[in-house]
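Here chain A shows up in two complexes: once beside chain B, once beside chain C.
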Partner chain A sequence: MSRQAAHGSRVSAALGAALIGCLVLGFPLVARADELESYRALWGLNPRTVVWFVAELHLMFGAFVLGVPVFGVILEIVGARGSDPRFDRLARECTKLLSAAFATTASLGALLAFVVIGFYPRVMHHFAGALHGSFYIYGLLFFAEAFTLYYYYYTWDRLSDRSPNERVVARWLARWLKIPAALLGAAFVALAFYLFFYNGEASLASLGPTAEQLSQGTSPQTSLPGIFTVFAILTPIFLVVFGVQAWGSSRKSLHIFYGILLNIVGLTLMVIANSWTTYMMSPTGFNEAGQFVGDTWGAVSNFLWRPLNLHRLLGNVAFGGFVVGAYAAVRFLTTRDPDQRAYYDWMGYIGNFVGICGLLALPFAGYYLGREIYSFSPVMGNDMMGGFFSWVFVMQAVLIGFLFIGANYYLWSGMERIEGAERYRPWVKFILAALILSFLVWVTPHNLPLRPSEAAQMGGQYHPVLKYLGLMPAKNAAVNFILLSTYWSFMLYRRANKGEVADWNQSGFARFVVVGVAVLTATLVGAWAAFVFRLDLHELSLTEAARPVVQFHAWFLVAHIVAQVVAVGLAFKNHGKLGQGLLLAFTAIVAAGVFGVSGYWVLGAANPFLRHLAVCQVLLVLATMILATAIDVALFRGAREVGRIRWGAIGARPQYTLLLLCVTIVLTMGLMGYLRAGLRQDWHFYGVLRDTSAQAVSPGLAEMGWTVAAITTVFLALVAFLFWLGGLAGRPEPPASLPSPNPRQS
Partner chain B sequence: MTRRNKPFIGVLAGSLLLSAAVLAFLVLVFPHLAQWIVGSDSSLPVPRTLLIWYLLLLATAIGVYVTSDSATMAEFIAPLRAAVVGGSPKWQRIALASLASALPLGLGALVFIGSVPPSAPPALIRQQHPGMSSESAAPYVGANNPFRKLRGAERDEALVRGRGLYARHCAVCHGGKHDGAGLAARGMRLRPVNFRDPGTIATLVEDAVFWRVNEGWVGLPANATPWDSAMPRWHDDVEEDDLWRIVLSEFEDAAVAPRIPEGE
Partner chain C sequence: MAHGVGIVAFCGSLILGFALLGQYLEGLSGGAPAAASGATAGQADAVGLVEAGDAVFHGAGICFACHSLGTQGSAVRGPNLGALPPQWPEPLHVRAEKRIPGKSAVEYLVESLYMPDAFVETGFPKGVMPAVAEPPMSLSHEQIRSVCMYMLDRSGVSVGPELEEEIRKAQAVFGAPPRGSPEEKGAGSVEDDTDVGFPPGDPAAGAARYQSLGCPRCHGERGGVAVDGAPVLFTGDRSHSELLVSIVRHAGPVDDADLPNVPELVSGLSVRGLADLIGFLRQTSEEEP
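Coming up: the complex of A and B.
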């Protein structure tokens, strides 16, 4: 451990030096930007491609480093609360991978700062003018991230004892601070969600300079919203109370506290870096002459900041899960030890599970981000979905298809290691058919690639029948059906080795949790139904003639609440599986079937309502997945097992699927990175500072494809190298200088 | 995994039959079905690119189903193995030998087709809605239709004038019913936009439609190539207010509403 600690100190020192070097060398350059040319080049390199390459690599490593601790600490908590030691080992192994990747992330960050300052001095001048206040916080937080990460990793053994703290004061503190810590934690999470993920108009109105201030050209100082001040005061209090409570409980609790601290620091780093990205897309605080007259908080909390925070958080978790899955697959394929194979098989399953959990929620977050991009600029939105970048979405559809089919494939082939799973094999063909038909709709573009002869034969650029598959109602229906099908695969996997369910009345407290969850999901759907019933149609430029169209959908939401009540009622009558089935079937029929078809009616009769219809579909699917999971957990609590899970007894195909999933998610991230940054087209800061360099033109699909493929290859090669490097520390040193005590046995 | 019941049809035969059925449906049945649905004069085949995508999806589905379970995989391979090492009926061996011969022949045909210089232009991907990021579009971004909020007689007046102007300038291509089937439409390789299609102007904010009417194909941005558009540039010949009236009447008479930016 001491050797590792020394290694960690060296890495931290190198990291600190890199950051300080970046700040010391970078800012004089930025400060003198007025005297410098706008763009520079070096060695004939294309500056745009260099920045693109480095930024994307940094983003991918960042996603891994920030995504893995989110589920790593959850795994540690699960391990600490249960009796399965594998969770703790897995959490530790994930953290080991982090420590190897962290220094590379930081180095790439420093390199990114250098290349941007070097190639785009005037851009950085504007950038620093608006956001330099956040730079210092970011730099300091990076130290905090390094310290918490390495401390978290290196104290794993020292703080592994789960027995309660014996000191009287500690026990007293642990007992009396438990409820305050829980309450403060709940308040902290709620406020963090509000501040970072809520993009309501009310909060936006209080951010950034007003139009009047901008027109006057004054230098308005936007005050932080009051709730932020509350958050700023609450956070240290929560951390101190939680830390003391954890210290009083046990060493393991204290270690988990460090893990949570690491996540808080990491998420804060992520949202600060996100603000820089989104600031370039939705800049704020400029007067009409293009001069920045706002302040740092206004610039940070720009219009697209919050939706990107949500999208990246979920994306990072999915990304981290699939990378960990691929790591496990490689380890599985390269070992013959049955115990190791069993462990890495299980690790691959968990990685895939985490990846899918993130993936299930990602389309909703992606829709939210896309919708906000449309809200910020219909021009940008149109370029994204119907214009220059629309074909990127077709490519994305193919990759997403690979992800979902691959993840399902892994589950189905993994059922071979579960005794009793053959009962559910007949379902596979139906789920597969549902997935494939949904993807058929998902990948069919409205605007088809056509030969001139085909266009002439069809009489236009749209196929008169297939064009309907390219519209939003079809896409929304397809994606919701995909999510429900994947969810059903999970359900089958979960119950693969379970026999008949126990009596519902014996499921204990879980029954009441189900009722609580049902109240939550019914409230969510009900609140949205009430909103739809009372929708102000004039705000949507609709007349009262559209009211029946809107109410038609609201009544289905009400019907869904009834379906939820029926499902829970059936569970209480010992027909929980039937209740689940009815709820899932009803949701599939409504969200994918009825709303899929009625979407075309909405398109014609109440087009602006379409965006609310998509939320209806999302809500139904989310509510169903949450409630059906709660029922499932209660149902199978104590259910008899009809077979065991033979971890390690699995073929190579599922492992290669895990590798394919990893490659696909990296490609998807690269593709979407191009899309998000490319949407600015020839603007450095959209609508404010135009890109006048020779590289201002948006790269075509072929150039984009080659670049993203190259980035993916380099990233995966670096990851493989770093994981190998990280593995060196864990290997026992061979006694090279000592002869074997018994040559016959050597 | 053990299989309790003997399947009605083998996995390999089932896969081949399914592939043949899907291919037959897409190539032989669907074009006529689509023709019947829309009442077209001629059959409406699945475009070649899409056909390839669908067949790849089918191949993926079969591959996933067969390889996701060892027993199914073994069942899939068994007839092939039997045909090679012996033990299967004669007709099965002949069928598989024919298939095995067809595969290299098919691949050879594909190579031949691919190496022959094409006589027809290749398939093109086209932007559905060229973006407003160009210089020509900049003055129109965020423009609002001054007649949109009018009600009663004032709105009717704007609509009447807009309809008249539409009939004079636009209907010859876009059609009197706004369905893109005007008299001149048949003469164009790429038909004029059908405004009634909910995937066209209904997905756009009104300023984008106004820009396209004003600037026509001349104002399309560089990245919107190929310029498959014959839309004239109207702002030299028609007053701005009249162009707004035309846009208003287009949406009204096509029975679609323009996209509205959120929060407005």
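Coming up: the complex of A and C.
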């Protein structure tokens, strides 16, 4: 290992040891609960603001260092399998940014631990009592994260060779372990999803946690320790088999293995830290006297843990993508070299693409989290959506609008550099209109801010027409329409320089992949339709009179399956674009149009079914995006290209759009952090340990705005500094021979 | 350099815009929150309680998020607490009076706040409305009284000291301290209650009530037997209010569909009936070894 790498590892190891040390040392200091102060302050600082600041900064850096490896490894894999050297260069550059940010993330984490222990000793006592088992695992994992990260980065050149391993034993292992590694990997992913992202049947049936689940940890997994044991045994076996198979394949494969290992460790760190956050919102294992009587796994596996895991995973990907995009924008704007400009233009596109990928799925994860918050505590849910925090969602709507419209604008601007894209320019105004109208619906509050005279003129507190736009059916319809519009933008970008598609029969194996994907999407939609058809209305406190309402929606799910079959059928008949278009149109009409209107019917006649209706909409949109993408890949495989992509031939406005996206997503993260913490109101642990400090009041929007603005400024300044610092080591040169200016679409 | 300045200025203006948006929306939405959310009425008169109740309804209680009041509001998660034909043709106090035979409108409303799942309107799910006196809402007895006054006032009932007293009596079952008691001055949640000077009850009437409710099946003929996990009904030196709270709040649902659901059994009792039942249990506790 080089001196630099060794130094980096020592720094990170020291930070990890410091973190463990402060936790271990801090614990005895808070062990004597009866003599503990509840709160402390220092230097006249507001302790809550200090914790807020440090925690949010740590979260932002954490999002970056966890999000970037996810797509960094994917980029490296794409580069290893293809002939475009830019992907590997980009993956390496992302990892370089990562290594600069990692130490800062760890330092902020240690600082956060210090301030919480110092300012809130009693809170930390309760925390430690329930969760200290996870603290040690978390601290130890830091070593693994540091070592893996630096090894992954500093062996990039050493393990860059893609040629197969020449040793006979190695080739034998690579060949015979391929299938076991794939099977173990699939099992690992499935179990990890089940353990860390799936909230159990209570979530599906909208029943919420039972009293027993609340006291013991609310997932079915807590009553099935066998599954966790299986996972614990499977994981090292999978890693060993996969690692050996990778070693046997090639050095590059081994390097990719380390990247995947880095992601596994990083995601484990994330889910552990998430459990501390959600434990404060949905604590488990307390008896009526407020004493913790549960266990660590029960405390970790609390009701909101899994929804937050999913939301943060997707959010990290979007966050990382947009930050990388902003980095590329800055590099583009500050260089005059045409090759560098071309490279960073392309990098910005990739960053935006990754950001959009995360962004498209985020509303679903956010809805899931919000719904589970509501299931856990209707008080929290009502406060979030209809009470004190309802205006936060107006601000969120503004930011999300910026994100989606900005991401779309960047794509449309990018089409200017693609020869042949002018064919699709007429679509832009329709997509823009759809986005703006949907955004206006989304941002309309249910409760208009009125003076008494205005309310008297209007005849009441709520506008006779606009009030309906403030309810969930309208919001769900709007967001699904935004997602489909953005997806359509991206589809147009993909085919911008493509001519007529080749014969479907020449698309090779991809055709059969489309069939497989269609089976998957149809099964998903069909399974939910079956669930809805057989729904026990009494469990939702509904009578059979509500059955027609429920069945109405289930039949549309069935119709969507038919639409999927039709789309695939048309593709096989060489009318793939028509099939895609019909599928997208049908989904838009049903998910946004029909279900948007029928949602009001459900509100009035079968209110508890409304959450199931939202799942219907989500599934339709997700299934459509997945299937339409599969058809698109097969459809345009081998299509004739009618123009080239002139990377670098783009103005400054799209680059500033990338900066807008980065700033906006950082602000959104700050805003949502305020919301998540504020939902606890004056509770440290919701419903268990009350906040009796002088700061036990939810800050208003103005204070929140200025605080989040300050945090964002500090974060961006630190990131800029770190990236500059990382750049002092020497800037990477563009590849010796760039591919032709018209590479295949990414 | 030019682009560097432009980048910083652009990002700075976005961030500043966000902060100013927050400031603007706070002004639009009514200003920053007060240090304590919700209102406490103190020893207010009846009219003052109605105003305090309005503040609780739209503040600490977040009632407005789920309940409309006639034509005011458009929340549909919970039943409309006013008159809105055709689904809600009658005012609240009229509906409440008819809801449970033998239970007055005030008793019904008070119990619905302390035990929301005791009576749930058809078409609305159980387990959604929280018990407002318990964490996390933890409304005080006074706040609950004020919101009752507010709802009844909106329903067209004449508010005054008599109505307030009626509400207090209904609240006594749930441990609310009597007017002017030392506990009232400092009491917050139900957890802070002490004995409320509850009437002693008639043990003979309580014995008859004990039999008619089927209590012996789980607790034996005189409360001294524990069957299938049901507790022994030994009162010890617990106060009347402690016993009341224990019966109406801590008697949880049983899993076996054949066994009676205790809250549903006792929820049909009047205050007198509960007092008689406790009187009988005290007697048996004193007599049993």
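Just so we're on the same page, the second predicted complex is superposed on the first by the 686 of 746 C-alpha atoms of A that agree within 3 Å, B and C clash if a C-alpha of one lies under 4 Å from a C-alpha of the other, contacts with A are read in each partner's own complex, and residues count from 1 in each chain.
One rule holds for everything that comes next: a residue touches a chain if its C-beta (ideal position, glycine included) is under 8 Å from a C-beta of that chain, and two chains touch if they have at least 3 such contacts.
All figures in this text were calculated on a predicted structure; none of them were measured in a lab.
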Checklist entry - Sharing chain A, do chain B and chain C clash or fit in the superposition? => result clash
Next on the checklist: Looking at A:444 after the superposition, I want to know if it touches chain B, chain C, both of them or none. Which is it: first, second, both, neither?
Outcome noted: first
Next on the checklist: Touch test for A:467: chain B only (first), chain C only (second), both, or neither?
Outcome noted: both
Item to check | Partner chain in contact with A:607 - chain B first, chain C second, else both or neither | outcome: both
Checklist entry - Taking the superposition as given, does A:688 touch the first partner, chain B, the second, chain C, both, or neither? => result second
Item to check | Contacts of A:382 with chain B and chain C, given as first, second, both or neither | outcome: both
Next on the checklist: After the superposition on A, what does A:457 contact: first (chain B), second (chain C), both or neither?
Outcome noted: first
Next on the checklist: Which partner chains sit in contact with A:656 here, chain B, chain C, both or neither? Use first/second/both/neither.
Outcome noted: second
Next on the checklist: Looking at A:83, would you say it contacts chain B, chain C, both, or neither? Reply first, second, both or neither.
Outcome noted: neither
Next on the checklist: Just checking: does A:428 make contact with chain B only, chain C only, both, or neither of them? Give me first, second, both or neither.
Outcome noted: first
Item to check | Where chain A meets both chain C and chain B, residue numbers | outcome: 378-379, 382-383, 386-388, 391, 446, 449, 460-462, 467, 471, 540-542, 603-604, 606-608, 681-682, 697-698
Checklist outcome for this item: Within the complex, chain C is touched by chain A residues 207-208, 211, 330, 333-334, 377-380, 382-383, 385-388, 391, 394-395, 398-399, 446, 449, 460-462, 467, 471, 540-543, 546, 603-604, 606-608, 652, 656, 659-660, 663-664, 667, 681-683, 686-688, 697-706, 708-709, 712-713, 716
Item to check | Residue ranges of chain A in contact with chain B within the complex | outcome: 201, 371-372, 374-375, 378-379, 382-383, 386-388, 390-391, 405, 408-409, 412-413, 415-416, 421-422, 425, 428-429, 432-433, 436, 439-440, 443-444, 446-467, 470-471, 540-542, 600, 603-604, 606-608, 611, 651, 653, 681-682, 697-698
Checklist outcome for this item: Listed in rising order, the residues of chain B that touch chain A in the complex are 1-2, 34, 37-38, 40, 42, 44-50, 53-54, 57-58, 60-61, 64-65, 67-70, 120-133, 137, 141, 148, 180, 189-191, 194, 197-199, 202-205, 207-208, 222-224, 228, 255-263
Checklist entry - Which of the residues in chain C come into contact with chain A in the complex? => result 3-4, 6-7, 10-12, 14-16, 18-23, 25-37, 62, 64-66, 71-77, 120, 122-130, 135-137, 252
